[in-house]
Amino acid sequence: MLAEAAYGKSSVRLVQVSRHGDRHDLKDFTVAIRFEGEYDQSYTDGDNSGVLPTDTMKNTVYALAARHPVEEPEAFGRLLAEHFLERNPRLRRVRIDLTEHQWGRIAVKAREHGQAFVRHGTESRTATVQGKGDQFTIGAGVSDLVILKSSHSAFTGFLRDEYTTLPDVADRILATALTATWRYRTVDLDFNLTWRAVRDALLEAFAEHDSRSVQHTLHDMGRAVLDNVEAVTAVRLVMPNKHHLPVDLSRLGLENRNEIFVPTEEPYGLIEATIVR
Amino acid sequence: MLAEAAYGKSSVRLVQVSRHGDRHDLKDFTVAIRFEGEYDQSYTDGDNSGVLPTDTMKNTVYALAARHPVEEPEAFGRLLAEHFLERNPRLRRVRIDLTEHQWGRIAVKAREHGQAFVRHGTESRTATVQGKGDQFTIGAGVSDLVILKSSHSAFTGFLRDEYTTLPDVADRILATALTATWRYRTVDLDFNLTWRAVRDALLEAFAEHDSRSVQHTLHDMGRAVLDNVEAVTAVRLVMPNKHHLPVDLSRLGLENRNEIFVPTEEPYGLIEATIVR
Amino acid sequence: MLAEAAYGKSSVRLVQVSRHGDRHDLKDFTVAIRFEGEYDQSYTDGDNSGVLPTDTMKNTVYALAARHPVEEPEAFGRLLAEHFLERNPRLRRVRIDLTEHQWGRIAVKAREHGQAFVRHGTESRTATVQGKGDQFTIGAGVSDLVILKSSHSAFTGFLRDEYTTLPDVADRILATALTATWRYRTVDLDFNLTWRAVRDALLEAFAEHDSRSVQHTLHDMGRAVLDNVEAVTAVRLVMPNKHHLPVDLSRLGLENRNEIFVPTEEPYGLIEATIVR
Amino acid sequence: MLAEAAYGKSSVRLVQVSRHGDRHDLKDFTVAIRFEGEYDQSYTDGDNSGVLPTDTMKNTVYALAARHPVEEPEAFGRLLAEHFLERNPRLRRVRIDLTEHQWGRIAVKAREHGQAFVRHGTESRTATVQGKGDQFTIGAGVSDLVILKSSHSAFTGFLRDEYTTLPDVADRILATALTATWRYRTVDLDFNLTWRAVRDALLEAFAEHDSRSVQHTLHDMGRAVLDNVEAVTAVRLVMPNKHHLPVDLSRLGLENRNEIFVPTEEPYGLIEATIVR
C-alpha cells in the first residue's frame, strides 16, 4: 500500500535579466516543485495518463518567468502554485521552494555599474509557497548565513556526568551557519521589505545578545523576529554550533589570551527550535 | 512560545579496529544524537543546569564503543539510546542516526589481506534508533546507492499541456542515487543479515523491472522489500531521476543509435513514496 | 630514483581575534606549508631523523600567530618561511600558501558592531610566499570571485568545422568564477592596500570591457592590473566560462527577448593566461 | 605580453552504452580538452577567426565516440588529440584528460545482470594524452583511491624542536586517498591490462609494506610499479595523510587499547613524489 507519495522537479535554475536602458536587474533562482495528489496508479500500474512530466514543470518555470518577470520569489512561487493547481485536477497539494542567489553590483570609480555584477556570499534568500485548493501558505527564510560573535558568549553551569570533560567557558566564540524559515500571516505583503526586516531582526539580536548557550541565543533571535515583524506568525531556527576551539599554546611555552582558535567542521552541536506567538 | 525544540551532536566520527590476531576488523561510522525533552528553560532563561553538553554526547559514543565494540549499528544505536534515557530524566525522546562507511579488504595475490582495506563506493548503510521511555523503534537504510539500467525503461503516454515538449521515449536509461529507509517490526533481529536481504531485494527488483516510470519502479522495489523480508513493516524510497539525455548527433551528420548520452546533474526529477503493509 | 619530492601540512585553520576594547578584529585563514630539500632518505630508507613532523608545522603556525598577530597574510607567510628556513638545514625551498576567508561586521541600527561578524561571499584573498636560502618571492591573489556581465559581451566570427553548431552571438551573458594570482616586484609593500588596488583593477576592467570573447576580456583584465599597479610584475588569470544559455521559449509559444537564461555547471570553457610586463 | 595561454573545454560528460544482445557495456567518462598554440590575437585583439569554439570541442567528443566506441580511455584520448592536431594548424600542443567513473554489474541470484549496473566507489581511472605535431605521450592514473592499513605503520625518531608535541607512535593507522599518475614508454599497449597491473602493484605494496612514514610507503609503492610493470617509465604519487587520532579515553576512566580512533579531515599531511627509472 502506498502511504505517502510525491513527485516533482528539483534544481530548476533560472537567471532573469531585466533591461531598463543601461541599468539591468539580475535575478538568480533555483526552483523546486513538488506534487501530491491522485497519482497512485502511476506507481502501482505504470499508468502515466494523469502524470504531468517533471520536464513540463521545468518548462513552466521558464514560461511563467517570461510572461511575468520575477520581482519577489514569494509572488512568483504563488503564481506557479496557482498555475499548477488550476490545470491539474489530480493535484491536491503543491509546494514550490525557491532559493535566491544574491548578486550585488560591481562598483567602478565608486559608482555602481548598471550591467556588471558580483556574487554575494554563500547566504541565500528562500521562499516556500504551499497550495491546496484555493488556500495558500507563504513563508520565507534565509539559509547558510554564517555569523560569529567574539564576545558575550558563555556556556557554564551545565549538567555533568562521568563522561563530561568540557570545562565551563565564560568567554567563547559563538559561530553558526544560520538557517531560518518563517511563516507569514497573509499572502499579500511587501515581501522584499518584510524579508529585510526579518533578516535585520535576526542579525541584531545575534549581535546584541548576552549568550548563555546557543539555545539561549536562538530563542532570543526568534523572539526578536516575532516582536519586530507583525506579519510573521512562527519562525524556525536551525543553528549548527561551529565550534572554535582555543589552541592549547601552553605546550608550546606560550599563553593563549583567548586570541588563537581552531575552527572545526566536525563534530558539531545542532540546535533547532520553532518559536510561535 | 517554544513550539518544538531539539538539540544534539552531529557528525561524530568513529573508527573502530578489532584485532583478532592477524585479522583486523574495521568499522567506520558517523553518528548523530538528538535530544527532545524538558529543556525549555535553557532556551528561555539560559538555565543550563539540566543540559547535558553535546560534547558529552560525543564522549559517550567513544566510551560505549570502547566498552561494547560495535557489531551492528542498530544495536549500538539502541545501546546509546538506552544509556541516555536512563541517565537523563528530562529527556523525553532520543534519536540516534548512524551512517556506516563501508570498507572491503585489499586482495594480495588473490587473498584478502587481514589488515589492509579499501573504501567502497559512495554507498552508505544507515540505521536509526528512536527511544521514548522504554519503547524503541529501529529502522535501517541505504543512502547514495547509485544504480542505472540501460534497458526495460520507458516513459510514454503522459499528460500533455501547452508547455510539454518531452517526447514519448520507449527505451531510455534509468539512473538514480537511491536513498531507502525502512522500519523493523521488532528490536531483536540479525540486523546485518536482514540489511543485506533488503538491499538484495531492492537491487534485484530494480534490475528486473519492466519500468514505465520512476514511480512504477520505485513502487516495485518497495513491494519487493515487503514481499521478501518479513521483518520490515514499511519502506520509504527517495529516487532522484538522474537524467541521461541522448545526444542529438543529427546536427553533426551522425546517427545516435541510442548509445551516446549526456548525464545531467540539474534539473532532476525527484520521486518519493512510502510503501506499507 | 626519486625525481621530485615534497612534504608538508595542508588545511591548517587559524582564527585570530584581536581585542581593542569593544572593537575586535577577526582574521580567518587556511594555511598550507610545503617543504622541499634533502629528505630523500626518509623516502628510501624510512630514516626520519631529519624530518620535521607536519604536526610541528601546524603548531608553528599557531605559535607564530600568538607571538606576532597577523596583519597581512603576505607578511605572516614570510615570517613562517623565514622561521622554517633558519631552523631546518635540510630545507632547500619552502612554500607557504595562505587563503583568507573574509568577514564583515554586522550592522546594528546602521552602525557596525564591534564584536559581531558576518561571513562574506565565497571569494577568498590568497597569498603565496616562496623562500630559498635568503631569497623570498611574494605573490597574492583572489579565488572564486564570481562575476557576471549582462551586456557588452559577444562571441562571433570564430572558426567553424563539420562539428560546429554554435551560432554567432552578439549579446550574451559573460560569467566566471575568477581565480587570479600575481607576483610582486618586492617583498616590502603595503600588501593590504596593493591587494585592494589589484582587485579594483580586475573588477573595473571586467565591468567596462567590450568583450569579444573570454580570452579578450581576460587579457584586458590582466593588462589593467599591470597598467594600474606598478608593484605587480606578472598576473595569471584562470576564467571558467560559466555558460548562461538562453532558454528556447519558441517551443512554448513565447519569445525570449534575451531575458531568460539557464546557468549550467558542466561542461564549461576554461581560459587561462599569464600576462607579464 | 602574453607569457602562457591555453583554452579548452572541461567537464564534458559522456556515457556510452554498447549493446551486444542482452549484454550491454557501460562506459562513463568526464573529458577535458586543452589547446595551446598561435591564438594570441584572440586575446590581444579579440580576433576569433582562428579559434575553434570550446562548444565544438565538446561536440567532437560525442561525434568521435559515436564513430569509434570507446574501449580504452587512452586510445580514445589519442584519437581526439590526433583529430584536433590534424585539423587545426594553429594548434601546437593539445592535452586530453579523461576520468573514467567505474560501474559494476548488479548481481541477481548470484548472476551478473546484463543491463543493470551499480556505481563503484569514489575511485576513478584517469588517462592523459599529450600531443605535439605527430608526437604523443600517454599516461594513466588512479584518483581518490581511499586505502587504510591498521598495522605495520609507525612514525618515530623524527626531528624535534621547541614546537614539537607529537609523540613517537610505533603502531598507528595509515590512511590516504591516493592519486597516482604514471607515464607509458610507448603509445601501443594493452592499456586496460596494464592499468590493472599498476593498480595491483600499488595496492599490494601498500598492504605489505612495513611503514616507517608516509614517505617511506609512498616510495615503496612507486618502486613496486616500476619493478612490476615494464611499460611504465615514471610514476607520481600524491598521498594526503588522513590522520586517525586515537581517542584519549583515560579522561573517561577507560583504556584505549589502540582500537578507538577519530578520523580527521583537516589539517592533513601531504606527501608527494615522482619515482623514475
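Per-chain numbering from 1; labels A, B, C and D assigned in written order.
The working rule: a contact is a pair of C-beta atoms (placed from the backbone, for glycine too) under 8 Å apart; a residue touches a chain by one contact, two chains touch by 3 or more.
The structure presented is a predicted model; accordingly, all values stated were derived computationally and were not measured.
Undergrad: Based on CA centres, what chain would you say lies at the far end from chain A?
TA: Using the mean of the C-alpha atoms as each chain's centre, the farthest one from chain A is D.
Undergrad: Give the chain pair, either A-B or B-C, that is connected by more C-beta contacts.
TA: Looking at B-C and A-B side by side, A-B shows more C-beta contacts.
Undergrad: Only C-alpha atoms count here: how many degrees separate chain A from chain C in terms of the superposing rotation, rounded to the nearest 5?
TA: To map chain A onto chain C, rotate by about 180 degrees.
Undergrad: Could you grab the centroid distance between chain B and chain D? Build each centroid from C-alpha atoms only and quote it in angstrom.
TA: Between these chains, centre-to-centre, one finds 28 Å.
Undergrad: Whole-Å distance, chain B centre to chain C centre, using C-alpha means?
TA: Here the centre of chain C sits 37 Å away from the centre of chain B.
Undergrad: What is the distance, in whole Å, between the centres of chain A and chain B, each centre taken as the mean of its C-alpha atoms?
TA: 25
Undergrad: I need the residues of chain D touching at least two other chains; which ones are they?
TA: 13, 59, 63, 163, 165, 252, 265-266
Undergrad: Touching chain C in the complex: which residues of chain A?
TA: Listed in rising order, the residues of chain A that touch chain C are 13-19, 24, 26, 28, 59, 62-63, 65-67, 69, 103, 106-109, 113, 115-122, 145-152, 173, 203-204, 206-208, 244, 247, 249, 252, 254-256, 258-264.
Undergrad: Sort out for me which residues of chain D touch chain A in the complex.
TA: Chain D reaches chain A through residues 162-163, 165, 251-253, 265-266.
Undergrad: Would you mind writing out the residues of chain A in touch with chain B in their complex?
TA: Going through chain A, the ones touching chain B are 1-13, 32, 34, 39, 42-56, 58-60, 63, 87-88, 155-161, 163-166, 211-216, 218-219, 234, 236, 240-241, 265-277.
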